[in-house]
Every structure is written in C-alpha cells, then in structure tokens.
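Take a look at these structures.
Two complexes are shown next, each including subunit A; its partner changes from subunit B in the first to subunit C in the second.
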Partner chain A sequence: MPEPHTPIDDVITVQRGPEPGGLGGAYRAFGATLRGLRTTLGRVAEKPPTYQYPEEKTPVYPRFRGRHKLQRFEDTGLEKCVGCSLCVAACPAECIRVVAAENTPDNQVSAGERYAAVYEINMTRCIFCGYCEVACPFDAITMGNDYEMADYHRSDLIFTKEMLLADAIEKTPLRREGE
Partner chain B sequence: MARPQIKEISFEIDGREVRAPEGTMLVDAAKSGDVEIPYFCYEPKLGQPVGACRMCLVEIEGMPKLQTSCSTPVKDGMVINTTSDRVKSAQNAIVEFLLINHPLDCPVCDKGGECPLQDISYGWGGGKSRFIEPKRHFRKPLELSPLVAIDRERCILCYRCVRFSQEVAEDYQLVFLERGDHTYVGTHDGRPYVGPFSGNILDLCPVGALTSTAYRFRARPWDVEEAGSLCTLCPSQCNVQLTIRDDSKVLRAFARDNPEVDDGWLCDKGRFGYQAIHSEERLRAPMVRDGSMLREAPWDHALEQAAAALTRAGAGTAALAGGATTNEEAFLLGHLMREALGSPHLDARAGGALDPQQARVLARPDLSARVSDIDHADVILVVDTELVEEAPILDLRVRKAARRNNAKVVTLTGRPSSLDPNATAAVRFAPGAAEAALSALAAELGSGRATGSRLHSRAGCEPGAIGAAAEVLRAAGDVVVLWGERISDGARGASAVDALLAVAGALGIVDRPESGLIEVPAATNARGMREAGVAPGLAPGLTDAPEAGMPAAEIAGALGAGELSALILLHEDPLATHPERRRWQTALDTAATVIAFTDFVTTALRDYATVIFPAESYAEKEGTLTHPDGRLQRVRQAIGHQGQVRPEWSVLAELAGRCGARPDVRSAPQVTQKLFATVGFLDGLTLDEIGGKGVRWQDRDAASNLPRAELPEGTLEVPPELPEGMRLGTVPSLWAGTTVEHAPSLRFLAPVQRAELAPADAHRLGVGSGDEVEVAAGGQRLRATVALRQAMQPGSVFLVSGTADNNATALTNGVPRTVEITKTAGAVNGAGPPAAAPAAPGPGAQPPPV
Partner chain C sequence: MTDGGLDTPGESQSGARRTDGPAALLPPYREREESISLGTLDEQPVSGTEVDIDGGPDRETELMTINLGPHHPATHGVLRLLCTLEGEVVRDIKPLIGYVHTGIEKSCEDQEYWKAITFVERMDYLAYYFNAQVYCMSVETLLEEEVPPRAQYLRVIHMELNRIASHLFWLGTAALDIGAITMLWWALRERDLMLDLFEMSSGQRLHTRYFQVGGVFEDIPPGWEAKCRRALEVMPARLDQYEALLDENEIWLQRMKNTGIVAREELLALGVTGPLLRATGEPWDLRKAMPYSSYGDFQFRIPVGTVGDNYDRYRVRLAEIRESLKIVEQALDGLPEGPFITSNRKVALPPRHELATSMEALIHHFKLVTEGFRVPPGEAYSAIESPRGELGCYVLADGSAKPSRVHMRDPSFVNLQSLKAMGENSLIADFIACIAMLDPILGGIDR
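Then we have the complex of A and B:
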C-alpha cells in the first residue's frame, strides 16, 4: 500500500529577493551587474572563442555520430556490406534502402554471396542515432565524424552507395582530450 | 466414402484442460490450448509424420521417455507437459545439435527474417554451442534446378523436400544420398530436379537450404508487403500470396493455403509466372494501327478509333474472350456487345459453344462436385483431360486421394494419362472418340439411354477395357468425374456431353451429395465467363439469350465471308488457341477491325490488330473469377498499374459508353454488384461474403434461382465410326503461351512441337524417337519431333497445342481427323525447331517412364 497523500509536503517555499527600494533595491540593481562584470573583465585577455566557420571547422568528439561511411576490406578492397538489410530493419527513421544482388565470379563486389546493389541513406530523414552501425553484423556501415551535408536540393541528400563508400571531401577535426 | 466424422476429446496440457478433435497429432492439438510446440519436419500436407528432426519432444505422463508430439495422436485424458526442465533441456540440445553443421550465415541467407530455424533457435535454443570442430562443407550455392538453388550446408535433413517429391508430386526425383552426417539432398544422378511442382519445396524448406533463383536476394521480409490474390494462369485458380516491393513490383508468389481449392500447393507456372508482369516486352500503352505499323497512341485517340470502328460495324461485330477474363469484364463485354452494338456473337470456348440447356444441366448443384470431394471420393473418373497440363493442382489432388484415402482412379482418355500408374482401370480411346467411349461406358453401367452396337470399336477401345472400368465404377459409392472441355468440341460436342450426362445418370450422381462432375476447361475462367453471359446462346445467369449468336467456329467463317466485319479479342489470340488456324488467319485478314486487349503483342495481333489496349496483369486487377467447381474468388489488386495500363473494366465501360450505351458503373466493386444483381443464382452475394477463401454459389440459397434443367432422358445418338488412318489428338501444354515465354525463369520449359506415337506405329512409319517428322492434314503441315510412348493407342498421334512454332491448331478442325506422317529429310529451313532441339524437360515433354 502506498502512503496516503499528504498535501502539506507539496508546498514549496519560494525564496524571494529583497523588496525594491532602499538599500536592498540598490543591491539588486548593481550587485548582480558587478558580479557579471567580474566574469567579463576576468576573460578580457583571452582570445575570442568563436570558430570562423566555414574557414575553420568546429572539431567534434571522437564518438560524434555524423555522416555514415560504408567500409571496404583493406586487403582485398571488397565491400564489407553484404546487403543483408539488417540496418534497414534497425533504422527507426526508415531512411535506409538496400537492394541486394548476387555476386558473380566476374563481378565480385563483396566477400559473401550477396552484395548491396543499391544502398541509399536519406539524410533528410536520418536522425543519426547509430542503430545501423550497431545492427550491422559486418561493421560495414559506420557513423563518421563529418557533419557538413547541407545542400540545395532534398534529392541530393539521398546518399548513394558511391557517396557513402567515398571519404568526405574534407576531414572534420577532432577535439583533443579535455578540450 | 463419406467424410469422416471426428469426435472431440479432452486432454491436459501444461496444467490446462483442452479439447481437440480425436486423433490429431499433439503439435496441432496443443494449439487449441494456445501452447506452441516447436517443430521442423512435421507437415500434415506431406502425409504421415516421419519424426526426423526431434524438435517437437514433449513429456507425456505415463511414458518414460520424451515423445515426438508430431507423431503422437492425442488421446482422451492424456497429460502433457511442454515446459518441464526435461523438455527444455531436450529442446536446447536439439537446437544445439541441429546447428552443429549449420553455417549460421544468416546475413547472406535468403531465409533470414522468415526462417523457422532462426525463430526456433531464438525461442527454444540454449544460445550457446560447445561444438568447436570444423563444420561439414559443400560447394554452394548449386543449382538443384534452374528454378531452385540448394545450399547443402544449411540443410537440417528434415525430409520435407524429399517427402514432397516422393509422396505429393510423386515424381520420385529428390532423395537423400549418402548416410549419417554425410547425408545430403539430391537427385539420383545429379540431374536437375525439374517437375511441374518443384517450386513447392521452396515453401516447405524450414531453413535457407532451398532458395528460389528468381527471388534470391531480392528483398527481406521487412522490405516487402504481402498481398493475397489468385493465380489466373490456369483453371485451378490457386490462391496465392504475392510479395510486393515498393508498391510496384511483384517479387515472388507463394501459396495461400485454401483446402477447398489448392491444398496449399502451387505449380511452377503460378509460382514463377509473375515475372511476365514486369517483362520489358509487356504492352503498357495502347497501340493504334497506322498503315502497316502499330504505333503507341494516347488513350483518348485509341478509344476514339476503337469506338468509331465498332459503331461502324455495329451488329457485324463478334467477340472472343479467353484466358483470365474476370466475371466483371465478361459481363461488361456482354453489355458492350448486346446493348451497345446489338450483336449476339460472343464466345469464350475455342472448340465450340456448349448447348444452353446442357450448360444449365451441368451447372446444377446436385451434379457438381467441389474440389474437396475428390479427397473423399471412392472413385475418381478422369475423362479426356491431362490434369497435369490443364489444371495441375487437381492432378495433385487426385494423387492425394489415391495415396492417402485409397480412392480408385479410372482414366478414360485418348492420350496415356500421367495418372495411369495410379489408376485401377485405364481406358484408352481413339483421339476425338470421347462420345463413343462415354456411350459405351453408359451402356456398360446399364444406362437405358445408350444405343448402337459395337460402341467400343467406334471408340477405338480394347474390347473389355470399358467393361473393366464400369466394374470399378459400379462398385463405387461416391464418384467424382473430372471431364475435359475438349469432349464437347466440334460438331458432335452436344452428343458427347449427352453421353457424359448419361454416365452421370447411370452413376446416380444427383442422389449422392458428395458425387459430382467438375469440368476442366481450357480457359481459366471459362465457367465464370459462361455464367456472366459470354456464350452465343446464353445471357448472364445461364438464361437463354434473346437472340442466339454464332459460336467461335462460325464467327471465323462469317468474318472470312465478310458477313461480320469487326472482332473484339479479350485476352484471346485465336491463332494460338482456336482450331483451324488457317480459317482464322483468313478471318483476321478479312476483318475490317480487330480490337484486342492483351498484355503481349503476339504475331497474330501485330499483323492484324487495328487497336490494341494493354491488358492488366492479375496483380493489377480487381474482380472475381469462378472456379470450375463454382467457387467465386476475388482477384485483388496488389501493385499499381504499370505504365499507362488502365483497369480493363473501365475501358470496356468507356467503349460501351462511346458506342451509345454507357453502363452505370464507376468503380470495380460496382460492376461486381451489378453482375451479382443480374445473375439470378448470385443474387445477394457480396465481395465481403466471398472474402479471402471464396464462396461456392451452389452452397447459397440463391442457387435455387438457377433456371430449371432436367437431366436428359432420350436415347443417345449413335456415335459415328472412326476414320481410318493415323488419328490426330492434341494436348495442351501448361508451359505454352506468352506468360512462360516472358518469364525468364520459366522460358526453358517452353514446349517445342512433338509427335507422340505408339512404338508400333513409329516402326511402321520407319521413324524413331527424336526423329523429325512432318505431320500433314488438309493441305496444312507442320514439323514435330517424334516421342515414343509405350502406352499410346496404336493409330493415334498426339501433338501439343499452343506451341509458339508449329502449333497443332494448324491441323485441327474440331472433328476427329487423320493425318499423314512422313519423315523429313535433311536440315530444317528455319520454319521449325532445329532437328536436334532438346525436348523441353517436364512431364509435358518427357513421357514418364512406362
């Protein structure tokens, strides 16, 4: 049995500042201002914290989830993705589309029997949750650090397999430890 | 054999008292108590359980060891436990054991996401394996056939596919080779597993060992949607489930179990034929003739041209409907012809129309059987139809009745039947002599109606053969007669049907509710079209048409003679399906206007059509079809219309409107309602009532609205004597036609012309198996490859009708006719298939071993 409700416990005592006018009023007017000024003056000597984007990129933490990347095997150059569509199943925004096809001896795209003939991510819908990366049994789809994806047309934001296999044009700088 | 009465018993499962029909296997009985027992190999459709996988172990009180619930029938008072520690550890052990050699390559496996092995491992497995030794390896993937890929590493040796081949399709091709942990599935000599039903093993395999080459890697279950519909490629009208991707593409078809129709099986044509829907060559826009060329045209122009030409021809218009024309389209075609154009000349039967009175008698509920009656019949009489080519699922049904329920099979056919090995009596008559054979049978059965002497010799039967068949039939209780539409072909068709009715009368079919006749027609919806009024003498509802029109054969003559000037072809190409190809060629050539609805432009249409409207595929259509046993079933739209294709009902309605009699319909269901309101015996039926499983109209009260028709009583006509010489018969091939030609996976099955001969005849003609011969009659000739068949009646030759080249319709003319056969010398000059062309596989082309 839960305890019976006692309304008294709900009452919150609000702490108020001094009433306006008089000494208390003067403190209210200047005290807070002076405290703020102290912070300002204390940092006058520092250099500005503004990043001059886009000339200068904002660095991100290493685990920042940005633009996806499809991986290849370093030794063979074959694509890691086998087109299993597990990322599609995992994606809560339903923004991935995979159409698989069969590898043939003349057209060996991935290591297994199947490969992704179409692999598209609709970046306008992606919420960068990283579930696809978690779902992938082959570490084929990974979340990169790049966030520069703006474009003029929605259709250009549907990233194709070729775009996802390629590296981002410019690398996003990473924040250093403690930064 | 009446349907068995099943008693209910009660038993206890996991502490709950549950009732179930007596004798049900425990796995199924458990479902009545909402208890799920995992299993792999159990599949009642495959016959007796084999207990191969051991997944279904349960504990039964009083039995010291765990029992396989798939092979233990439930008994009154049984106490079963499926959740005890013993059962759980057994389940864990079995999963671990089954996975010992399984590659666990789920991400690349096509079954992933719809795999019983995945589900059961997840639900009932222990989640770990102690096996660290190397797994067994096979080369993979291999082609088990051009349609099925096999990955032997994934196989769990459940026996399902092997049992299907051995006990359902009875093609005896699949077997387990080797023993112990070396066991694998294969064919005896490594030949491809080709048979008309091979695709069913894809549905059966509980793992990804057997995958469809056509569906391989196309999609995952979560990428697709399922849509229930009907296969409209043959009269069996199997219920299918279509897998649709992106609302626009059919990726596969699989069975939607309906015990009253298909028992959950599909033939390979139905399973892979969907590919033709997305063929590049499919017509997706209207075409209008411009000089010698057909050109794509906007809808409005095409409709205007067609309507203008039809208005000009008026009552001089004829129409042929065929294939999978729905009831609604048939109804609207009737409206267009009778109301808008004032012409009564419409037909849906290639061989000749059914006499109106006979059509009504044959439709009588007490004379017709339902498909499931086959299961419980004492004797199944197959009259002049090759079920495996004409309605393949019924072939499986007859085999099932014979194998499981000890039904006797009697075949009475011109061509050796693939059911002969299962038959108690097999009677062969001369091609085209069905009338005499049926009269003789009626006489033997003691029908007073049969007259004439030496009937069996008029039928060309062995003396005594018919007597033996009658013997079997006389001793029978329930008889189901499956009769081929072709017995009613030609000038003596009505007498042949009369003889059939005499047999039915002598068997007392009207008095036995589970006995009856089922017609095996040539066109998918032959029954529906007839009942919706596409017949020269019949208005919708099998009532007499106010004005009798010409049947197909007369239409050809009248068009050729200029008495008729326009022809509407609704899903029909007379040069492919109608007898007397030559006559039809003249007819099409002379006709001023030919308006066709088709999905593929055949040569005939390319040469003669004036306007062609693109036909919907069955995945785009909305409407109803009527099964040969009277069951109305719905075709449901599964994908959007491809290209510029429009609903055909709306095109027919629009045409009628432009010709001056606009029907009051605005949607497909409205047409259906109008049809049901017009046809007396469909009165009050609704689409909801038809639902997913269909409704037999004979089972509804409105069936009493069928116009009364008495069984004929007069004496039968005396059948004519047989002509002397080599008598020609034809057999359709399941694999003939545009669907197979345009479905890449099936193309290898497309038939080439062959002449089936008895060895004695071949010897006399000096030809051997594989030789090229020329078959000639009435100035027409075609080339064929000789195939010898031991069981063939000497004096008969059978050709395939519907082949792309050398179609047998060139030689047929509706009456029994004789042909000249000569061996061709030297090479073939492009007209026929090359002499060395390999016979297409499949039972159609390969005579079964005799």
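Then we have the complex of A and C:
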C-alpha cells in the first residue's frame, strides 16, 4: 500500500461566483440573462446535431454490434456453422440454443461433419456483448449493423435459424470515413 | 397507529413477534412503512401536531409524511424518499431503496470471470468503464497479471471520456431539475461525442465490455485518435457556453448558493467520497492518493471547493471535466506502442488470425471460451475514483473458474447517506436541488 498522497500543489480551488440577491442580483437578472440569450442565439447558425429518424437512419461504426447474422460460404452456399455450441458456452445471457445434427451425403448443410439443426437466439435476453462472435472459431455467427428489432410479440423475438441466415429487410448505413 | 383497518393477520403476527425478539433483528424499513397508515391519515392528525378548534388538523403546522418517488422525475431513477414536511420545509428524510435490485452481485457467482464483466458493467450504468476497470483490477491482482502499458493508457483514455460523459449527463439532468432545459440538450449533445467514440472503439455506446482481464479487448481503430482529438478541441468552448449560461445566472445562484451545506467532518464520518467531499475542500482523489493504471504519469489538478454547498459541487464537477480533458490529451500524446492485452494465453484469448494456423491457439481458445480461466484462491479489494467517488470491488476466489463472491462498494450508495444531512430543514425545492447535486445512480445503489 503506497503512502497516502498529500496533493498540495495539485489542488485548484474553484471560484465561488457572486453572491445572489442585492443590487448585483438586480443587475444580473438582466445582464446575465442577456449574456445567456446571446450564448443561445449564437448557436442558431450551427447545424443541428440530430438525425431525422426514422426517415434518416443513424449510421453506425464498423465495429457496431447489432442483429446477429449466420454466415454461409459464398462459393458453395454451405453454412459455416458446424453446431459446436461454443457460442452457447460463451453467452453470459444464456440466450442461444443450438441442436447439432450429422451431415449426410444427401443432405450436406454445412462444410463440416455436423451442422446446426436448430439455431435460435432469444433477442429479448440478448445483451449484445458479442461474446458469441468472439467465441465462434469459424466466423459463422457475426454481429451485424442492424438495430431495429422491435416487435409486438415476445415470441416473434426468438430468432430462428432461417431468420438469422437471411439479410435484414432494411440495411443500416455505415458511417463514412472520418465522420 | 396500526389499527387503521389496513392490517392483515400476517402483519399483526409480526407485530407480536416484535415484543419477544430483539428489536435489532427487525428490518427498520418495515417499521417505517408501518408508521404510516393511509386509512387513518385523514381522520387522525399525526402525533406532534396541533389540532384547531374545528377538530381538523391545522394545515399550517401539521406534519405531513409524503412519498417522493419511487416514480418521480427528480429522483433520477427509482429512489423512494419518505419525507416528513412541515408546510414547505423538509423535517425528515428516509431514503428507501431496492426498487431496481438486479441481483448482479449474486449472478456474478454463477458466471466465469470473463463473463462477469458484462454483468458488473450494468451496475452503475453511467460509469460502465469504471465498473469493468475495478473488477478487472481485482481479478488481475488475484492472478498477479501485469497489464501492458498501452492497455493501461487506453483504459485511462476511456475512463476519463466516460467521466466526462457521466458528468455531462449529471449536468443536463441536474440543471433540468432547476428548470434550465437548454442544459439538457447541450449536455446530451456533447455526451454523444463521447458515446460515438465508445461505439467506434468497442462497438457499443453503453456497456461496452471493452475492458478485459489483462488489458482491453481490441486496439483502437484507425482514425479514432483523430476523432478523439476533435472532440477534445470542441469541449472547452462548449464548457464555456455552459458556464456562460449558468455561472452567474441569478436563478441558478439563488438555487445553488448556500443550499445543502454539509460540513467536511460530517461527510468524512459518513464515508462520502467524490465531488461531494471535494466540494468541501478535502482534496481526496484516489487517482492522486493511490495511483492505479498509470495515473501517476499524468499532470492534472484536483478541483476543490470551499464551502461545500450546491454551487461548489457544480463548479467542482465542471472543473473536473476540464481536468479530464487534459488527462485524455496527455494519454493520447504519450500512448505507448505495444500489445493491448497480456500475452498470457491462459488468461487472454489468442489473436483471431492464429486460430487458423496454430493448434495450440485453438486449444487455448476452446478452453477459455468453454471453461474460462481459473483464479488461485484468495481475496482482493481494489478501489478507483469513479465519477461519484470511491468505487471498490471485492472479489473472493476459491480456485475455480467462477468467482465465489463479488461485492462492489458503490459510491452512490454511501453518498446517499448524506442526503438527510443535506436536505433536512431546507425548503422542498432546495431539497430537490440537493438530490440533483448528489448525483445518485440507482442501478449502482441497489446493484
């Protein structure tokens, strides 16, 4: 345990400002108010920092962790997921359910020996920490850019494998370079 | 008092138990709740009040007990305050907490060490980087793991940006309680600059899980430093604008000056830390007193107040934002090259590209993801300076991959004790200002 530090030179005492009331108060009721008005009116020329959502979607950064997506190999169209359940082990919210099944020559779904017959993510539980993406050794599950996932029924928020393999209906824009 | 017709048999049984059991074992909040009876409130005057000739309570001197919250915009969360009022004057305050109890500390015992980071971040939801830092510090102490210098600097940068964001949120909501609505828009606008930086570096605006045991999750992306410097350039001018609006505003002065004064000795006796304590002139800042995560490398000052009223609390926090800007700038200037997380493969995940080439890396990856890392038995407490004061974390390890106990010493919880000293015998409007200046985060209080 280090010695307690006595920061004598490092201390800065904040200013107390004027005492309220009195003649100064009467002056400030006008003077300081006008100063405040000048400050706010000076901002009129500034561009508004808001987005006109939902007409204009808020763009996200490349690392943004949104709605999950299950990936396929581009050339063969086979699923990357081999049903190893590492994402299930890594999930702190316990929102992923995977049931693996064997690939057969007639029914080759994934590139490995096994594939995920059931792959469900309960979006009402998901905290979007991205540990599933980190855990996956095959880059089969990734976090996409989409953040619009609200729905009317909780049962609709349990995303099935088909929903996760499909693209989102509306794409979320990415931030431009330097924005 | 309890014959108001609202009693159930269960409650009278507990009343009977009270006579034979020691009084200290009974939960005090239950007594407080039983001391109010809604059924008799209108007929019987509360003891200690005078009754006028008509038999009704004297409205001038009647003591009235009211609930402020749990759903009240001025309580900054779900804080329930049982206030005894005499007219407009607050005579007694009893904070009742537990409305956002999440059981995070208990849940952590069921998670591997690296997964518990996502849980502890959600306690004090405006200071998530601090929660993760203090938890990681405790685990790193148990593991005797060194954090690389670059990771320490990146942690400092993110924590100080988080402190600015937290203080800005406080400024906006506190000024809103006083009626200065422009401050809310402005403060949230600047807070967005910080959140954009968090999203860019870690992928999430809140609860980023960026800090990991042994370092940070990934390096900052290209362009992050330039964007951070742009935000740092903007901030001083914006702070000047806040001060132009508030510092000498007559309403702000009347509401802030000489209200909610608590003596330094009393705050120290209550265990209060952070800007509340520094506003009384006590320069207690853990970043200086016990430097952690290479805070010793940076030049900054500790803003202190003189009187310890609400105005000093406001000025101290605003001055702290300026000091934080200085720290971030120095950390960006001196950001060392090197790894951003420890190279110990037993603790930190191997780099992604090694998974395809190295069998050993793949085995480590599988072991860490499925089982986590084991921490040798022992206990550790670390403390850091969060935006609200001393944030401590106690971790008890039993040799397995899950913590046996995680406990947080949350500054909001301790600071809440000083609310009675601040608001007692003041006008109810000043009391609202005191809650705002206390800056309680209920997620941290209830955990």
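By our rule, the second predicted complex is superposed on the first by the 138 of 179 C-alpha atoms of A that agree within 3 Å, B and C clash if a C-alpha of one lies under 4 Å from a C-alpha of the other, contacts with A are read in each partner's own complex, and residues count from 1 in each chain.
Methods note: a residue touches a chain if its C-beta (ideal position, glycine included) is under 8 Å from a C-beta of that chain, and two chains touch if they have at least 3 such contacts.
As the structure is a prediction and not an experimental result, all values here were calculated from the model.
Of the two partners subunit B and subunit C, more subunit A residues are in touch with C. With both structures placed on the common chain, the touch criterion links A:T40 to subunit C but leaves subunit B unconnected. Residue contacts after overlaying the shared chain place A:A100 against subunit B, while subunit C stays out of touching range. Contacts of A:A89 after superposition: both subunit B and subunit C are touched.
Of the two partner chains placed by superposition, only subunit C is touched by A:A29; subunit B is not.
In the overlay built on the shared chain, the residue A:P137 is in contact with subunit B and with subunit C. Of the two partner chains, neither subunit B nor subunit C is touched by A:Y147.
Residue overlap on subunit A between its contacts with subunit B in one complex and with subunit C in the other: 86, 89, 137.
Within the complex formed with subunit A, the subunit C residues making contact are 111, 115-116, 118-119, 182, 189, 192, 196, 199-204, 207, 209, 221, 223, 226-227, 241, 244-245, 247-250, 253-254, 257, 281, 283, 285, 288-291, 300-307, 311-312, 315-316, 319, 349, 355, 362, 365-366, 369-370.
Against subunit A, in their complex, subunit B makes its touches with residues 105-108, 112-113, 141, 216-220, 222-223. Residues 1-2, 4-5, 7, 10-21, 25, 28-29, 31-33, 35-36, 39-40, 43, 49, 60-65, 86, 89-90, 92-93, 127-131, 134-135, 137, 143, 177-178 of subunit A touch subunit C in their complex. Across the complex, subunit A meets subunit B through its residues 82-86, 88-89, 98-102, 112-114, 137-138.
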